[in-house]
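Listed after this line are the structures, all set down as structure tokens.
Below, chain A partners chain B and then partners chain C, in two separate complexes.
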Partner chain A sequence: MAPSALLQVTGVYKNFGGVQAVSDLSFELSPGELLGLIGPNGCGKTTTVNLITGFVKPSQGKIFFQGRNITGMAPHKIVRLGIARTFQMVKPFYQLPAYKNMIIPLYSPRVKQLAGGKYGDRDAVALDLLEEVGFERDAYVAYKNASVLPQGYLKRLELAKAIALQPDLMILDELFSGLSLAEVASILPIIEKLRQEGKTIIMIEHRLKELFRIADRVVVLNFGEKIAEGPSNVVMESDAVKKAYLGVEA
Partner chain B sequence: MKKRKERIDRGIKARSGDIFALSSWREMLYLSAPRLIPIIGFMVLPLVLGDYWQKVLLSVAVFALLAISWDILAQSGMISLGQALFFGTGAYAAGIFNYYWHWHPLISIAAATIAGGLLCTLFLLPVLRLRGIYFSMVTLIIPLMLVRIIEATKIFGGTEGLTGIEALSSKWIELYLAMAVLTAALFGFRRMIASDYGLILKAINDNDRSVINAGINIYWFKTQALFISACVGAFAGAFMTHVYMFAGMPVFALDYSILPIAAAVVGGPGTLAGATLGAFILVPLSEILRGIGGLRIVLYGLFLVVFIVALPEGIFQYVQRKYHQFERWVEVE
Partner chain C sequence: MFLGTIVYALVNSVILALMAIGFNLTFGISGVANFAYGALYIFSAYASWMLMNLLHIPYLPAAVISILLTTLLGALMYRFVLLRIRGQVLSEVIATFGIGLAILELFRYLGFVGFEYTLPVFIDRSFFIAGTYVDMQRIIIVIAGVLIVVALWIFTHHTAVGLAFRGIAQDERTALSLGIDSDWIATLSVSFGAGLAALAATIIIPLGSISPGEGYDVLIKALAVCIIGGLGSTGGVIVASFIIGFAERFTDSYIGSHWTMIVSLAAILIVLIVKPSGLFGKQKELEERI
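Presenting the complex of A and B:
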């Protein structure tokens, strides 16, 4: 185990009844890195995110964050340590306006415990953060109830909620799925900016072209097992990946 | 000549600038009336009502508090079918403090409010993780169980209950204590639910996993909401113990669970003001209907159904909307 690693997943298993969702998964993440996590549908990517964030407890194996064992820790405590994630299926507060959705992460103990994190006017900070992810300030959209927002805005809201937590590690679960090419193109720069700020990011993506543009390294899963790891161009040349993931005969 | 109904949102105009609001008496009245009317009403009603209706007013205040208590819980995603648990626990606590230990009624009420709140929170703590109907079922069952336990073990006077509890020193103290606590609870907790803290409770109701995902311990917040709500209900019970000078098994009756829900639904849930308004309509209505005997429940039920069908948003939301909009007929060519 490299002592410098931000996140270490070591020999993690998870089965749901008979389904082996994740099997003997190990990988590490250095600070400032952007890791792509890819694989066919149902291969265990979301389960891996749930394992790291504590929403699901591993059947076996350990997870370390900043050298600390976080295996089996309650999810809200893991967030306070500095891991924020977005949900593949967006989970906004539908009864609240978009900018009021932002108050919940801004109220978080995570934000309060950070230096300068005691926000006076959370509404103002909420509007600033929403503007950062593309809620036009002049338009009325930030004041609309989440229940009437289109998918593109809900995904941005999901991202803004994660940014508000000022995490050390961000996990984005299929942020781009269900979005148009234009929408993806407008969100990509936000992620590049987060990278420049030194954020460590795990991205789960089906749009490989966009992912490979920004990822330092990818981990490929198939049936819950890691079948390849490395720089994207190297990994995509591996036979196992071609066969399992792309369905191409080697 | 055609006419068209024009609708103007008054609120935007008055709220858009403090300077503007303060420059006109009408605007100031417009902004302050929603607070002034209930407060003045609460203060004046005890003075103008006769003996009989003063008793009804106490009952109204108690049910309004139970409805507020229900509404605070419902806001946080916990639908209680057992407000009688809060009421009864507070009632028995006050009864015990005064019957066995002879505490002064005011001290007994204050202590029973806190003790009742704590006890109910402890009772429900194990089921706090249950969602939806499972939580509701448990709240419905616990008061029914407590009645049987008291009956079987004959504790706290058994079926006889605790009698000869000391009353408050005058009916004016009774009336104004009830009105003061109702005012404080209504405005205090309205302020609470409008704050960022209240927003967290609402968000838990909306999507609890997303709140956890913000690093917030939802069980701690739910426990707090439960404690606050239970204290409000326990106060109502403790207060009635000293009004009736009695605490016994009827304090766990289903009435104390059902009527507050009806009041909150008719008045409009989610605002606390709706719950209060509902109690001010339903409790006197049930008194008026008392005269007609057996058909009382039928008429009462009919009234509820008609109201819920005609005004599903609740009376308060309807009145609020109309108050902020101002309509007039204008001519169009």
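Presenting the complex of A and C:
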């Protein structure tokens, strides 16, 4: 493992019965880097996220985070080590107001550990974080139950919950899906700001144009295998990638 | 007679709510239908009785110790049995029912049957309210019921563990992704449920006697209340307790005591036919499930 790597995925396989969801996947991620994980539908992107975050266990291979073997570790323990994720299909606590959704990560052992037991006013912190991701404080949107919020706000809430955990690595699973161009344009600066703050990010996206604006590097998957890795302009010229996306022989 | 019936219906409703609230809490958070619930209720009562009569410990400390013991038993039950079969609903029901059966029938086998097995009332006094005498224990039950519901609300809305309880109840994967240990919270939910069963027994048993059969009755009543109210809904439990509590007392006063059990069962049947998920249930209705 490279001494500077924050995350290292080495030779990871995952089978679901007879289906090979991920096959011999290896890649590394340096601190402060923004990696795009792309590929056609069903190529194993979300399975890869689930493998890194402990929601599924690899059939084979190892995953290291900050030099520590996290292969098969329980999801809550991985969160405590500093990996936060969002879900492709948003998963708020629907029966709670948006700001109460934030209180739960603010009470988490990860935040407790970082804050040294001193949290301050959690409600105020929750509202500040929501404002940071675009909840208008004056419109009282933050006080509404998540069940009545439109998709754009739910995606922002998903992002805010991940930020609240103060992670070293954030994995954003299709954050832009289901959003309008204007909504994506308003979220992009938030991600750019996170990058400036030194956050390491993995983004899974189908909105390639927006992703390539901010990604340092991309990994392309197809049928569970890595078919290309590198800067976006180079990767998209690859024959294998063109074939995977366009279905044509180069 | 009418006002007196209302007073006793109110007490009966609070008793039902106390009997059901622990079962509901456990189910709402961990999804475990704890069929050992009635046995835990009786275990706590026998534990208090033994501490008082065999070790000569005064009632209050004996009650506190037995509540703690029952809470611990709930936690052990989860860690050593339920954790291994988590998510397999039928296995959970069979395992918890088996544990409950073992506890209750062990007490029966050891000869803990008879009117001498009872717990003392807290204060031996009665008051004349609305044209009828009401003993202090029943008034304590009503006050305790209100306090427990308020305490539970504060706990689930304003404490870290309470919020984690609500998080797990709503979406376990999300809770996990925020660093909440769902197995630990489920353990706490089963042990808290057991503790609430023990607390209910401490307050309610002085009105009658301790017997293994009472354990089965408590389980059936808790199930009836939770099914009518909607499994997992605290508001539903309270409303259902009042519906059954009032229906039972009015049936007893105006139709006949032998009809009271039928009223509860009929209420379950009617609710299941009209609204299968219960009055405030969050499960999908039949049309949505198809």
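In this section, the second predicted complex is superposed on the first by the 245 of 250 C-alpha atoms of A that agree within 3 Å, B and C clash if a C-alpha of one lies under 4 Å from a C-alpha of the other, contacts with A are read in each partner's own complex, and residues count from 1 in each chain.
As a working rule, a residue touches a chain if its C-beta (ideal position, glycine included) is under 8 Å from a C-beta of that chain, and two chains touch if they have at least 3 such contacts.
Keep in mind the model is a prediction, meaning the values are calculated, not measured.
Asks: Could you classify chain B and chain C on chain A, in the superposed arrangement, as clash or fit?
Replies: clash
Asks: May I ask you to decide whether A:Leu181 touches chain B, chain C, both, or neither, giving the answer as first, second, both or neither?
Replies: neither
Asks: Kindly classify A:Val148 by the partners it touches after superposition: chain B alone (first), chain C alone (second), both, or neither?
Replies: Neither chain B nor chain C is touched by A:Val148.
Asks: Given the touch rule stated above, what does A:Phe87 touch, chain B (first), chain C (second), both, or neither?
Replies: Both partners, chain B and chain C.
Asks: Do any residues of chain A touch both chain B and chain C, and if so, which are they?
Replies: Residues common to the chain A contacts of chain C and of chain B are 53, 55, 74-76, 79-80, 84-85, 87, 91-96, 100, 103-105, 107-110, 161, 165, listed in rising order.
Asks: Within their complex, state which residues of chain B touch chain A.
Replies: 196-197, 199-200, 202-203, 205-207, 209-218
Asks: In their complex, what parts of chain A are in touch with chain C?
Replies: It comes out as residues 53, 55, 74-76, 79-80, 84-85, 87, 91-96, 100, 103-105, 107-110, 161, 165.
Asks: Across the complex, what residues on chain C touch chain A?
Replies: Checking each residue of chain C against chain A gives 160, 163-164, 166-167, 170-171, 173-182.
Asks: Under the definition above, what is the set of chain A residues touching chain B in their complex?
Replies: Listed in rising order, the residues of chain A that touch chain B are 53, 55, 74-77, 79-80, 84-85, 87, 91-96, 100-101, 103-105, 107-110, 122, 161, 165.
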